[in-house]
């Protein structure tokens, strides 16, 4: 994908979040990475979505140094760049404060895999990080937010493409994917899954979720060599 | 109904599900059956609803063998065809992951008949299947999903036209009817009924529902020779 | 109000219910009464709202005998006419299956006056009737639904204009007012009040509501000779 | 800001509340203050939002005496003017009966700071006043509503610009800000924060919120000399 196309794709993902009701005012941001050039394209900070154009996207290197753009990048940039450095298979990151996923993040609860909607996208619980320490909050806070995600995935040996989202404790979700379109799609599904998990857990407190066999079946239906869902892509 | 009309009717039912907010992205499918010709018309898999045209519908026989169409049928086809083979009075099947009905399916809870909205459409609880065994999940999974529904209805002696929907445990609802329009209508009402049941049960846990007399009164108000609801149809 | 104007007003009230999201498909009906002529104007049964015109409204006498109109009246007609006969101060009746008010009706719970939104419209709890007996259900059921409302108001000495709504146990709400516009407005506010009561009671189970002083203050702010709300009407 | 501009700004804030779904019918009002002239601009009482024009706004002095305008001011005027007299740093006040914030007010519960969405706007819990005494309700009720807010903030030493909202017990929220735009924005965010707090507290009853370190970090990210959020304003 050319950098120009990546700008457009990142913008469209930001707008998809708005269209799907995941974003109030400017509470959200999407980015994409060009792995060959080592460049990140990200939404600028605090600009109205109605006014966003591809040329407003900010381009940085993988350490967050601005390469192109007159506007300040999203204040969450350092989380995005850390995820790109530590999760080399991902191509895009999305952050929202969508209502139900954020409610689980605030509750400090992972979202258990309660049904096949979840299992089609997330191969296991959507995890929640431990709360950040006061030192992490008082230090490189945005960077440490990414560290909390990466540490949790490494400690629990979770493949970030098998579980393409994480809840940051007391904050909100991050989702990712191979492309900006994928990442936004995963964030939208995460919100739907979180909403149904909320309903399920308030009906049956403590429900832990479906069987491993069902998780396997649904995950491999959409992923891997034997995927049977959708039209074959040529 | 001619096959051409059935294609249009199946498409319209798919679009009704979208219009009523029961379907996110491509999470849903509707089909209809031509009993005389033994043909099933079903939505293709993973195609955007905006792009769907009658000619995209896939036609199969009652065993799911494709008779017409270049696209892959919905991945849930084998559940639909099993329901047609085992429930000879039904003419259409709808599957969604609508939020509240799916939440009950995830909770493993039947929806009790808590009021007359329910009683006008479902003559008793909307049942939930037992969880599928690991063997069923690892085997002909989509077929076994239909088997779970049919077995539950036969074991409990439920007439599929008196209770035109079932929740699949850990998955989501299936609804049906005499025509694609009926089936979609039943799926929409099921979601409304599930939402109100959620509210009622979180206000009064364990509520089991209205009296048999009220179930009888409302069911026979809309069904059977003495129906008094709506305008007479000529 | 001329009968012609009443037809239009009744139609507009029906459409207001749809616009405010209180009605799914044809689950609702509004009527108005011309006290001088002793005539009731009511929505026909089971006709799509999109197709409704003033001339489709059905006119009956106060006993429900059709005076004008080719269509069947709403199947709830006998409840409306009973309310008109027994509550001589009301001029219009609205029935919906709106989500939260219906959820309270299904739960068999009155809506307590938990705040000033409630107190501005309902001078005390919105009551719920006792469940109908099997005899009442098996007999003149729709008529008996009205009897349950009227008996409850008379037994508890409630002025129907001070509390212009009632929940029918296991069924749904009826609301009323001086005009069709008032009745629809009260039904819309009832739903908003029910939704906030649901939230409040799931946060603080058993909350019984605000003080009598606050009920008095808000009720008399909008009603009676010393009303201070809104612009003076000339 | 000229008085003419303030009228337009107050009107726009009223309309923003409607656009964001915080206001049903006429249940809400916004005002702004011109500190130099000592004049308050406020929405008239009970006028449809569709019909509101800048010239309909009512102008009063800080004691609520009408200076310009033929319409009656909002019935909540005396609360607004008290807040302007007692909180000299604020420039605008907004009152709504938005669903979730009102539900907390009805429950008599403060909204704890459960996450960073909250912390970005409210530096600590959004407080709830004690219930008004019967004497206060029977006396200068609207004035006393403001007294309850101000007394609570003074007693607990809360800076009204650090926590720009308060829940009035058994009633609904008031929010404020430096400008009418700020005040409306704070009311919209308050509702989103209340909704997520509702979800969080029904998942994890008794959750008290994030650490002081996180509150500090997020509050000072958006406020004060070292703010890093948004584009620099020239």
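Going by the order they are written in, the chains are A, B, C and D; count residues from 1 in each one.
The rule is short, and it goes like this: a residue touches a chain if its C-beta (ideal position, glycine included) is under 8 Å from a C-beta of that chain, and two chains touch if they have at least 3 such contacts.
These numbers were taken from a predicted model, which means no experiment stands behind them.
Novice: Please report the minimal path length, in steps, between chain A and chain C on the chain touch graph.
Specialist: Counted as steps through touching chains, the separation is 2.
Novice: Taking all residue numbers used at the chain A/chain D interface, answer same if over half belong to both copies and different if under half do.
Specialist: Looking at both copies, the contact residues mostly diverge.
Novice: Which chain lies the greatest distance away from chain B when centres are computed from Cα atoms alone?
Specialist: Checked the centroid distances; the maximum from chain B is D.
Novice: Provide the C-alpha centroid distance between chain A and chain B, rounded to the nearest whole angstrom.
Specialist: Chain A and chain B have C-alpha centres separated by 33 Å.
Novice: If you average the Cα atoms of chain B and of chain D to get two centres, how far apart are those centres in Å?
Specialist: 47
Novice: Going by the touch rule set out above, which residues of chain A reach two or more other chains?
Specialist: 202
Novice: Which of the chains are touching one another, listed as pairs?
Specialist: So, checking each combination of chains, I get A-B, A-D, B-C, C-D as the touching pairs.
Novice: Please give the residue numbers of chain B that touch chain C in the complex, ascending.
Specialist: 114-117, 185, 188-189, 192, 195-197, 199-200, 202-204, 207, 210-211, 213-214, 217, 221, 228-232
Novice: For the complex, give me every residue of chain D touching chain C.
Specialist: Residues in contact with chain C: 24-27, 44-47, 71-72, 75, 97, 99-100, 102-109, 131-132, 134, 137-138, 141, 170-172, 198, 201-202.
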